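Labels run A, B and C following the written order; every chain starts at residue 1.
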Amino acid sequence: MSFFNMLEQISSGMLHTILIFFFTLVFSLPLGWIVAFGRMSKNKIISGITAFFISILRGTPLMLQLMVVFYGPYFLFQLPIGNWRFPAIIVGFSINYAAYFAEIYRSGISAIPVGQYEAAHILGYTKVQTFFKIILPQVIRIILPAVTNEVITLVKDTSLAFSISYIEMFSITKQIASTQTTLMPFAIAAAFYYIFNLLVSFVMRRLEKRLNYY
Amino acid sequence: MSETTIYLEMNNIKKSFGDLQVLKDISLKVHEGEVLSIIGPSGSGKSTLLRIATMLETMDNGSIKYMDKEAASAENGSVHYAKPQALREIKKNFGLVFQNFNLFPHKTVLHNLIDAPVHVQKRNKTEVIAEAKALLEKMGLSDKEDYYPSQLSGGQQQRVAIARALALKPKVLFFDEPTSALDPELTGEVLKVIKALAEEKMTMVIVTHEMSFAKKISDRVIFMDKGVIAVEGTPEEVFNSDHSRMQEFLGKLKHE
Amino acid sequence: MKLRKKILCALLTISTTAALLTGCGKKDNKTFTVGFDAEYPPYGYMDENGEYTGFDLELAEEVCKINGWTLKKQPIDWANKDNELNSGSIDCIWNGFTINGREDKYEWSVPYVDNSQVVVVKADSGIKGLSDLAGKTVGVQAASAALDVLTDEEGQKELGDSFGKLQEFADYNTAFVELQAGSVDAIAMDIGVAQYQISGRGDEFIILDEHLNAEQYGVGFKLGNTKMRDDVNKALKELKQNGKFDELAEKYGLSEMTCLEP
């Protein structure tokens, strides 16, 4: 296989990696808020259950979680899972990352002084207005560096999708390497991941700069 | 003074934190156009009283009325508030200036002022902006409207906070130790603004440690001690009172 | 605004692609999904053009032609092959799949390749026979037949126990890199795989003459799925008779090893 051919094959795997990356962020970033609110709920049962799920999701390997999500429907409910592979990846990744994002959001929210809530309350803001107009913009600025870290980790975590046989960039790389009996594909894959993360860092840095207006 | 309208009425307010009773049956009235200063040693309950009046804190017993409408009443720890719609109307009657300003750091000075009038009171934006600019001019901050709070001195920030409270046109304005987070050289500019408001007959309730200031601008002074109103009256009456705790308090201040 | 439109466009493109990737290939009777390890040449691997191919996959293609099925090639993580098969996400495991020792775990097709487990060492290592491996580090693929042989009481457990260490690895490429680097002294694997790997890497490596055992390859179906197994058996027989099977064996250099009865 020529170098160009390898590049072409690995880039086709890259598309799948980007799909996982993209859909995981689309679902986990908002889902993280719901989990964070559950965690911070005054209802002890809700916050207890949420805390338990967060600890499970953060305390077990993502690879195992992917297997549970993919094979679970069959082994628990005898449902056919032939076309469930890609959705299972997204569900597994999104839930896992939502747990991490939730803890980041929670730390961001608790970093906002209580005086901000009191000032908003006195000025007549409703709870929803207070959250969206006063608290959230400040929280986003606080949590952005931590979110960036998670996003970069996600780029690399996408390779775990192969544990349930979803063929993304890293598994294609391994396949080419084994057929061609060379390590060159790994060097190419490393470069791809690196460039991907350079892009991610660049975008996040731009965002951080834009939010650094005050 | 009895013929003027009563803006705020608090009756039989009691409040405990755990075993510590910080307010023991407090009643007071605030009349239209009146400047009321509340003084007293730390832990006397004056700040708690202010937080209960502005409903940031719940009370155990008692009732709060603004413009003769009941905002909240409590008995044995269970508080009953007016219906949400009515409560929202009642809350429009007062504003609060915090010790730590609590400006919104992500909004410019102008937006700190106009955001609530525009989005909470749904008023016309152009009109609100014009009013806000006038307020800033009055506070001597015309050139600062596009600054963020972090770019201002403490004294400037507190003046913005006062302007923000005034932008909602409250009937009563509360101050919770408005100068105690400021360097001494910056307190003057804030006190000057409050004095100007007093001269315009703005109704104000001021919790403060600035005795000479309280003496100068107040119509009435309340001295609180250990959860009760120990002395109440005109500045002359209170500051010349022979109440032993009052004398002790003033003496201590002198020696500080 | 412009940027927002561009992002929207990108979103649409990506989600459409995703829908195509996941939505296609609706499962019906005519789809035959073969699970295979794509890092297992010459039986199943990725070719120059990025297509999955190999002896087993081409054979499966021919079987599908005869039975009127559509072949779906699903690369799998070998360690998860039973989950894949039992959950129905694949119809069979067809990938140099050793029957011996797994007789009762699958519905087996007729055996079609006679394979042996062998040991590969560096040519200059001085290791001549299995007994020289005592105290050495031997690599073996996780969940593979070679591993079974070396840990099974009825197989070569005694030999396996004489090794200094039995080092499991995920794929053969890594194993060969480690062998070359000297972090393992030998690798146990199927002879077909060994020949392929060595032909690609030059004469730096040799296969020990002494084999670990002899064994046969078959296609594994989920227990109870005899209908599909019988269809495959019938087609295999036909391929043997019309010469197609031997043709493919020759193409992949496996002629010496086939055992399919006409």
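Going forward, contacts are C-beta pairs under 8 Å (C-beta built on N, C-alpha and C of every residue); 3 or more make two chains touch, one makes a residue touch a chain.
As the structure is a prediction and not an experimental result, all values here were calculated from the model.
Among the other chains, B has the CA centre that is most remote from the centre of subunit C. Centrality annotation: A (chain centre taken as mean Cα position, compared with the mean over all protein Cα atoms). For the pair subunit A and subunit C, the distance between C-alpha centroids works out to 33 Å. In whole angstrom, the spacing between the mean C-alpha positions of subunit B and subunit C is 79.
With centres taken as mean Cα positions, subunit B sits 46 Å from subunit A.
Shared contact sites, meaning residues of subunit A that touch two or more other chains, are absent. Shared contact sites, meaning residues of subunit C that touch two or more other chains, are absent. Not a single residue in subunit B touches at least two other chains. Subunit A makes touch with subunit C in their complex at residues 1-2, 5, 8-9, 12, 15-16, 18-19, 22-23, 67, 71, 74-75, 80-87, 162-165, 167, 171-172, 174-181, 183.
Within the complex formed with subunit A, the subunit C residues making contact are 14, 17-18, 21-23, 25-27, 33, 35, 38-41, 45-50, 74-77, 80, 83-84, 86-89, 171-173, 176-177, 197, 200-201.
Per the touch definition, subunit B reaches subunit A in the complex via residues 54, 56, 88, 91-92, 94-96, 98, 100, 102-106, 115-116, 119-121, 148-150, 164-165, 168. The touching residues of subunit A, counted against subunit B in their complex, run 113, 115-116, 118-119, 121-126, 129, 133-134, 137-138, 141, 213-214.
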